[in-house]
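To start, the structure under review is shown below, and the notes come after it.
A, B, C and D label the chains in the order they appear, each numbered from 1.
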Amino acid sequence: MILRLGQIELYVTDLAESEKFYVDTLGFIKVNKTDESLYLKATDEFDIYTLVLTKREEASLASFGLRVSSEEYLDELEKKHHEMGIETEMVESSHPGRGRTLRVAEPSGHPVEFYHAMEQVDVGKGAMGVDKLPMRNTHIFNGIPPVRIDHMNLRVTDVDKAWEYWEAIGFSISEFVQDGDEKFAAWTRAKTSTHDVALVKQDEAALHHIAYIVDGVAGVVRTADLLADAGYRDAVEYGPGRHGVSNAFFLYIRDPDGHRIEIYSGDYNRDTDLPPIGWTKEDYDANGRLWWGPSVPDRFFETTPVNKDWVKPKINN
Amino acid sequence: MILRLGQIELYVTDLAESEKFYVDTLGFIKVNKTDESLYLKATDEFDIYTLVLTKREEASLASFGLRVSSEEYLDELEKKHHEMGIETEMVESSHPGRGRTLRVAEPSGHPVEFYHAMEQVDVGKGAMGVDKLPMRNTHIFNGIPPVRIDHMNLRVTDVDKAWEYWEAIGFSISEFVQDGDEKFAAWTRAKTSTHDVALVKQDEAALHHIAYIVDGVAGVVRTADLLADAGYRDAVEYGPGRHGVSNAFFLYIRDPDGHRIEIYSGDYNRDTDLPPIGWTKEDYDANGRLWWGPSVPDRFFETTPVNKDWVKPKINN
Amino acid sequence: MILRLGQIELYVTDLAESEKFYVDTLGFIKVNKTDESLYLKATDEFDIYTLVLTKREEASLASFGLRVSSEEYLDELEKKHHEMGIETEMVESSHPGRGRTLRVAEPSGHPVEFYHAMEQVDVGKGAMGVDKLPMRNTHIFNGIPPVRIDHMNLRVTDVDKAWEYWEAIGFSISEFVQDGDEKFAAWTRAKTSTHDVALVKQDEAALHHIAYIVDGVAGVVRTADLLADAGYRDAVEYGPGRHGVSNAFFLYIRDPDGHRIEIYSGDYNRDTDLPPIGWTKEDYDANGRLWWGPSVPDRFFETTPVNKDWVKPKINN
Amino acid sequence: MILRLGQIELYVTDLAESEKFYVDTLGFIKVNKTDESLYLKATDEFDIYTLVLTKREEASLASFGLRVSSEEYLDELEKKHHEMGIETEMVESSHPGRGRTLRVAEPSGHPVEFYHAMEQVDVGKGAMGVDKLPMRNTHIFNGIPPVRIDHMNLRVTDVDKAWEYWEAIGFSISEFVQDGDEKFAAWTRAKTSTHDVALVKQDEAALHHIAYIVDGVAGVVRTADLLADAGYRDAVEYGPGRHGVSNAFFLYIRDPDGHRIEIYSGDYNRDTDLPPIGWTKEDYDANGRLWWGPSVPDRFFETTPVNKDWVKPKINN
């Protein structure tokens, strides 16, 4: 089975600026830095990294990865895609610590990668005996700090089609918005929280935001304080406020390349077998988008493009 | 000496609506209710009440009270006003539990009352022996709840004149905004926090807001949640955000009569003998008003009028 | 698949005392009350209840329930038990809102119930259209309040045998303590957090505690305040402190019948396919039991007996 | 008038160890470091430092300082001491940024210093114009961090005599414990919170602890996490718990020299003219010392000696 969103790679235009923002200010943990990429993680993660920032001429979404429960399931997933008539490519991941990777283009063209093997943080003294869990390093953390990766919000050209795809590969829908005959939005998930991948209708496929969980309401507010104190006040784009859908207490910020990050305190858990909660577009506009909070600024509707150099998978077996 | 802002009386048009908002939703403690008035307190206050809501045809600011350190100082204050040529009236307070009261019109016409005697919460078993402090009743509190009264923000026609008055009766200025030759705003105080009485220039004297302190950032955010959940989403007017001046993390809400309440987590302490911190109007517009936060909605500039029936004091000795 | 711990029933000796403690003080939501039972839920739960307190002569653990993903899986689970030579009983649940239930005795004799059908909180306006999510009623919550059910800690006579059983029905082990040739303790789970069912060695099978998640560190501390303020200071048994295993920031409290409840702010998430984290008994005694905190009081080792009237399942198909 | 406790100097045996503990782990801001001393401040303080750690052979309390409202009041205070028959010494402070200092031995021999002039943090751009307030540097703070100095807890040989002294120089008593004919303890203050100087009976004069306020309940708990994570678990001595007297939510920690620091989230404000709240020793033992919390460990009764090299003041005018 698919377990969760596990990794995001963003293309950025200036690694030094990104490091200043993500590492020095927000407190992402710098795991590794190469000429081309920054490998980052949040405090409570066991994967050795979850966010990769890679230097390119233009800022865009490079790809995102979903971790699956076994190598066998990766093969099964490959077959499942072929049955749906979707091309795939099985490669050795170019990212350190990660194993075999199944590359797929989601119906709107989003670059998805599935993988199982992922190097884990060493908790201790070898085969047996624990030194310490990764989150027990509060004395060296700085910034917010982010606690763990949660989800991505994608803009897709056809939500019904995207829903069909994600459900076909085993995702559950937690909430959705019905707009007449078609879906306006859907929150889909492998885990029990409200989303790993949110889908919202837009004319062009794009990334709206990635999301990291922080420690409660105070962690969210602290983010705005940190940014303003460090001279990044304009990076505080929207919020704090509370969404009706997902019940998220949110703050949206923008990195130096304009990539949007939702900093939030988590949402609710609900069993994945339960039917989705459906909002009419009317309900959604009234209460679903915003339970309370400031009015939405125009720039909140800007998005990150999908990278144009992404080579579409071709069936390789 | 003057100790602090101790009491506010607001005129409201519907006591039942006020009770639903202040008591049932926000968690002000209802100390007493008469045909005409609701007497309310916050959790950590030793005064038996700090907020009085009284039924009238029109909503307005009835008056506000400053507690002084002794009956002798009340007499001294009376003399000091007369020396400044300001009329006063010494009356027995009509409010229960309060003693002799010196009534004064502040330069812009704001209705000020000074008093010393104020009934205190009984902490215990009589002459000796403590049962419990007032804040140790968390099991029966509801709502946010508010922790203690902090300050008022007055609109005055001439800030320089008002500054002169408040300084003459012993207040210290913590921060101010200089706009060319005149002051645009001043934060004045008897206590060591940034203000008991804030003064901001406006064409007409009015009350902008009263302020209560709540428990940290989480208490501020909880206020918006409570209001939205209880069906009062429109009462969430502005925020959360952080002011540059005073460093306050704020949320502004509106009661059913439109009275504005700042719900905030407190500000900093600074000795009252230190010189005020001065902002240029330019600095203030750039960073002082808002360190970070959403843009200000138009209705944030609406104010509560001073009640017209207030009888100006006449020297009575 | 098994999804999570979904329900606990405790026998209590005085329903009125239990209601005062759980509902009036801690803020469990009273969903229903019959002559015999109190049905309670926490704020963020979609199941109509998760805790049942039932009147009996003696306080004990009545049973606990695990929710599975489908009716078909319930049948599969029945077969799996029979293959392991474990007797089962399929019954219609006596609890309202719950469907077919598979009763099983866990290797040490603990009374386990598996079920799929469970009535859900109505979020809205019928077939389509959302009114509000269950947690958006902060204006009527009181107490801590508890956010959601998390786990149980069982004392078992043979941890290795219990481990074998829980793993056989699909649980993952998150952490364990190795004591020479045998296991001293194991934290087992269906969900991605550290445990649904913890197993610790003891001469006699018993319940050590049930656990509910509350809102962060402040929620844990608030619990002790509420209890002391309401006159239940002795109910605050142990903590606050932090466990090494599971990273839990904990407070253990005792209900009027002596049932122990862990009030905590949640632990970490880790994929269920990953190998367990193993502590030596030495490591565990040094850092695993307690990362920091006060020394353990003697009464922390008291436990709740399993009810003697529980009728062992007999294969009924 | 005396404004507040403003400065503490402790003798420590190893400056490097102290820096690692106070600066690197707890997050005190290092303002200056000389061969002999570390000058530290907390985030919200306007004084350029409040804690001085100075290298000596033996750890002890060097002295503590109380800030007064004017140079004139310093002279008045000198006279007041002479009238009470207490010797004083007026010196230029050896500490940077501080002016004329009146040295006095409190009745039990505690080394007290009064001063007015104290260099302040520069908030801005010179004569007019604000850059930023000192607490708006969250992006470079680390550790808890401490927010501001609050009080000291002294052990004195005769509480009644000490009370008499502190009241004579203008302090107010907030709470006290009556033990038969004599006082067991008294909380005395210049500011409106519960204490600047707490006095508790002991056979020998000593320092029990100094106290810094941190940001709420989460700040207190974070302190224990930081210490345990950094390898200082034994430094977490007592708590978290809540005192009845002062309502403080506390954690007591020990620095590398054994000096005890109370890390707490602040207490209540009550006007200084109000009569003290009196506990019988019985009440205090039952509820005053501990509203709730773990039992007191033996080492909590250890104290820091007053330094023996302190030269008693001699009247110098």
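Points worth noting:
Basically, a contact is a pair of C-beta atoms (placed from the backbone, for glycine too) under 8 Å apart; a residue touches a chain by one contact, two chains touch by 3 or more.
Please read all numbers here as calculations on a predicted model, not as lab measurements.
For chain pairs A-C and C-D, the one joined by more C-beta pairs in contact is A-C. If you average the CA atoms of chain B and of chain C, the two centres end up 47 Å from each other.
Here the spacing of chain A and chain C, counted between their Cα centres, is 31 Å.
Note on chain placement: the centre of chain C and the centre of chain D lie 45 Å apart, centres being C-alpha means. Residue positions of chain C touching 2 or more other chains, listed in rising order: 132, 136, 216, 218, 222, 225, 228, 291. With chains as nodes and touching pairs as edges, the resulting graph is complete, every pair of chains being joined. Contacts from chain A toward chain D in the complex involve residues 24-25, 132, 136-139, 142-143, 218, 222, 225-226, 228-230.
Within the complex formed with chain C, the chain D residues making contact are 216-218, 221-222, 224-225, 227-228, 233, 236, 238-242, 249, 291-295, 297.
Those residues of chain B lying in contact with chain D across their complex are 3-4, 44, 46, 67, 69-70, 120, 123-125, 128-130, 132-133, 135-136, 148, 178, 191-192, 215-216, 244, 247, 268-274, 277-280, 283, 287-288, 291.
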